[in-house]
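What follows is a set of notes on a single structure, which appears directly below.
When the chains are written out, they are named A, B, C, D and E in that same order, and each has its own residue count from 1.
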């Protein structure tokens, strides 16, 4: 089977600095994959290259959405990448602070709605219908993620953990097949992390999603991932199952440290 | 919020107060409209002072048709859209005659209102040809000659008296300045024998004109003809002199008056300008100048005398017509001869002044002196 | 030596601290743990005078410093390493350190201290002419701590020193923190997510929930406490 | 702060201002006649005025700051709260409508005339509000589109004899077209870079109009632009003014109606989201560039229509009416009124345009007062006179899923 | 399509290049003259642009009232010089005192304006601060107009007009030379100030991160005030020199000068001090050449066209920092 995401020889230069150096990563359908590595290793840059925020210097990103042909994402603007079915969250929460929870998710629905300016001004029945449907769909997503009780709250007033989940809900609203999570557990307490763990598994199993995540919480990564990729100084240094990675001496040296159990 | 509502109420109330109609006609209402603020204010204020002084004199002598004259003011900052509002205001406040406006553009815009309301308009300074020659402004008169006359004078003088062969026409891109230079260009082309080596506009108020000065020098022009006002002229003249570019400099009434010699100081020596005929030998003119000196502590500005004459002409026409009704007034305007500080003047069928014209002046010892 | 009593702080309309009491003794390492949004960072920002308290008093060695502007508080010897490190991105490493010693005039001692931090973090010495913004996260954290040390603080406030760092770097940072405390007797006040690490390193700890202090004890006791274990250690 | 200390502080401030204003307020030089006048009384006035002003200023500044900290209650502006109240809304709107309908018949023409100017600014303000208030794009060259509309009417009428009613929709299209043309190359710029480039475009259009005589008649401008006709009937001057007044009223209502709908649509949401966070927006599948361009072009559309009205009302246009100050004034209308708030923009336009007109009584000082007021309003009400209250989408769970309704209500 | 555009581009560049080379060879003095004129103009822009860029760098505010500070500097110099001149003081003393007073008063105004119109708005939306600045600008213009006069006032050059030896007499005046030299000196001093002094370091730190600067013991309010003071001082120097150059001032000179200088600052990359100078020189020199070789009517159009072109290819100006937004 074709990998659902196939990144080939990705290199990204900023001025003289190579943030990514010939990184190739393939992700199978239905996998939960993790990308780990020290700070500044290029993990977020990798996400940005896939989602079109950066245009990689060399390399190609190919996707094979379920039931569709393989296509290249090279040179696409971020919004087109999203339209093709890749959604993401951000390391530092980027919610729209002036908006309610529902509206945040509605923004996520944006690219699946069709009405334009003229319709917005004239408001024909079809447009009203679409808006209604969008609100309904958004609410359903919130229900699934477990945020339904906050639906009319302002996003900024949510507890921290809920804000992180809202980012996921918002990403889900774009109907993705591949979800990229950038440090979803950062700043969460153990209880919240546990819930996140469950949510990610649930998303994979019930929503048919493939998930790639960046995370520093090794416990989460090790328990959740099917496959782990390790980068350091922009280069991929290892990949394998959690058990293999834990035992990999290069990874221990660069990232985990000697006693890798207590973090 | 409360404060906002309050201020709104105050606003509405004050509007209602303004709204009280002003037709209690114990007086004759004359309005003076023009730039009283902004960078062209010196011109507007000089004209206003003339009008004010004339109103005082007329009222001392018993007013017009036995009624005192009441002067209303409108400030249009020389902007057409403001002029329209000002005109509307003056008309709604019951003005029966208007002196103004100062700038041609504002005058053209505002006159639509006056024309419809049937009010005579007389300007001391709007020189644009269109105002009289197109026939679209039948209610318009002026106590200053038009741009065409001025341009002819300038170009004739340049060719016949100064005997220049190459001339640079520089303007400030404004309606007045550019209009002047376009007329001059046509006149030169019509006459032949003088080559226009440069025809350019510069940005008013710029900090540096050295590039255009270099360009003038390179063009080999013997005369720079300037369309615009005194402040930019002064900058260019100074730079020409400082950079030892030996060209003559000539402008129209925009640089006539004391403003330019005052501003440019010694650098202004030798600058030519056209301006309303010198009538300073007229005893009335001398008396008025003296009065101005006493009242304001300075010499009168460019349009002081023409402004005074405007008011005189209106008074004379009203007296002659015996009424301030439009048709009679207008007819009378063509008939009157006013004994003004500029000498006896009248108006031709277009509304242009008869009996006054332009002369050429040159700055000698810090003052403009007539040369032709 | 530092005493916060009944501190109330507002962020705009949000009542962030609802009557905080914290005491820090000289030479101690104190940890303040709690969930995100509990008000830990606000506690530090209020202490540093960036978000002044609305009510309550902060005393330093008996002197009231509640309403002093931030720069005067630094002059009194309280220096903070804020969350997110806040390195000056366009200043070089050396210039960043120089800014740490902004209030000092004793050039000889500054040189000594500079040598000391370069010894603590040799990597900074190698990068002294590199712009701060080009350092990696771990290096930036080291630089941030060194920069604060350059002001010779009596009390060092550390906000989330482990945030977003690789496990190996986190360990290194915490060992250095302990070293600083032992070698120069600097009082250290740490705010941390990572309760495990923070409580291990601390003499005493405070637990904070939604703007209030809910528990305080020695580090070991807190580590052993069932509630803490459940809520913050995930055991 | 104790009174005594305050007085002392104000005394110091007064003293400082006396020194500060000394050369300019006290010494008046006339370098033409070499006269110096010392006006010592001014010094006294400055001292007294600044002393009082600083006391008042400090008092209000402290009050605003205290207010900020303890204000937990609903900070929705009064007018919005009143408008939500049905009992109040109907009579209020009825009265308002009655007032505006009766207005030109009660007041003399001058008041109608300046009210038209103010209403044109309401249109312009609402249009710019889309660009600045909703989409967060600082446009300092908005006047360019205003000029496009005005010249479109003047020229199309001059050369092809097109009437007002034909040009009005045409100019809207032209405005949109120019919005796209000018927006296309520059909308990738951020923040103040965008501001200065749009300012540049505004000036470029004006300079071209000024110099390209063959096209625009140069600085002489275009005169005798006809007023709109009523099914071919031309009114006299007074009635034309009233007629234009009602046309503007209709256009303003239309603007409010459409802008409101846009704001509460998918596109409006995208604008606001884009203002908050561009990157997140793109990750949500919003085409950043296209969305910004839409805002820019729509803003231009209204400016162009405003321009047509302006030309029809003034009957004479020349490039001097479209300087950068005009753009700044429109921006002030939006910001002082309250960015993002339609009611605010209306209030802003009425205050900023009518105020200087009524301040004509103190003609000399009006711009001084106007400038000072801008500072004061911004210092004490940084969100503008009427703070924007956005309608937020709320979801009512009590309803059956299939008949979900979007309820518009104010978030408190 | 691509080839056509390349061909067009090449032939265009070629034609312009040919024209330029021919011009330079045939009239080298004219070229030099325009260059020097542009240099003067650029220097003038630079003196004002420095203040813009410094203030922007530190509080991200377009200080609209900066042009008025420059005007007040010139006005103060005029007043002081006239008064002292009438009291019969020595010319050299007058020149020095006029400059000193202009600088001191501009600084005082800059300082006060910040305290009144910007400081209370430090946490307000950025546009509010901009409108406040516009209001301040209007206020100061009208204040000077009402307190003094709306007329243009002649400004006796404080710098004696010096007759150069021949080929240069046509090309440059003593005032222009003074302007260029002063700008260079001010630039160097400012560079040293920013790089090496305590306050300069504090300014750089504050510009990058205000909260962190405060946490290191820097009094941010004082640093911001200092920035306004330094920016106002350079503007005052510029004001006096320009007044000498054009020989007149009035209350309105600040607006246009400020606008041009602001464009120059943006061109160079707002917030960057070398950028402000480079942007000013680029703008001044290219304007001068454009007027000299093409049509002065479209000088400003050309200036804006350059701005748009440069910003399209370098969205943060010539020397601006290209911040890739952190994601």
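The rule is short, and it goes like this: a contact is a pair of C-beta atoms (placed from the backbone, for glycine too) under 8 Å apart; a residue touches a chain by one contact, two chains touch by 3 or more.
Because the structure is a prediction, the values reported are computed rather than measured.
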Next item on the list: Averaging each chain's C-alpha atoms to get its centre, pick out the one most distant from chain D.
Entry: C
Note to self: Can you tell me which chain is nearest the middle of the complex, judged by mean CA position?
What the structure shows: D
Note to self: Top contact pair of chains, counted by C-beta pairs?
What the structure shows: D-E
Notebook entry, point to check: Taking each chain's centre as the mean position of its Cα atoms, how many Å separate chain A from chain B?
Noted result: 72
Checklist line | For chain D paired with chain E, centre-to-centre distance based on mean C-alpha positions, whole Å | finding: 29
Check: So how far apart, in whole Å, are chain A and chain D when each is placed at the average of its C-alpha atoms?
Finding: 42
Item checked: CA centroid of chain B to CA centroid of chain D, Å -> 34
Margin query: Residues touching two or more other chains, restricted to chain B: which are they?
Written below: 37, 173, 201, 262-263
Check: Do you know which chain A residues sit against two or more other chains?
Finding: 53, 90-91
Checklist line | Multi-partner residues of chain E (each touching 2 or more other chains) | finding: 153-154, 156, 297, 300, 327
Next item on the list: Name, in rising order, each residue of chain E that touches chain C in their complex.
Entry: 198, 201-202, 204-205, 208-209, 211-220, 321
Check: Within the complex, which stretch of chain B touches chain E?
Finding: 37-39, 41-42, 173, 200-203, 205-208, 210-215, 217-218, 230-231, 234-235, 238-239, 242-245, 259, 262-265, 267
Item checked: Touching residues (chain side chain C, partner chain A) in the complex -> 35-37, 134-138, 163-171, 193, 196, 230-235
Next item on the list: Could you please specify the touching residues of chain B with respect to chain D in the complex?
Entry: 1-2, 4-5, 7, 11, 14-16, 18-19, 21, 36-37, 73, 75, 79-81, 84-85, 88-89, 91-93, 105, 108-109, 112-113, 116-117, 128, 130, 136, 173-175, 178-179, 201, 258, 262-263, 298
Item checked: Footprint of chain B on chain D - complex, ascending -> 32-33, 77-79, 106-111, 113-114, 117, 210-211, 218-221, 223-224, 236-237, 241, 310, 313-318, 320-321, 347, 351, 354, 357-358, 360, 363-364, 367, 385-386
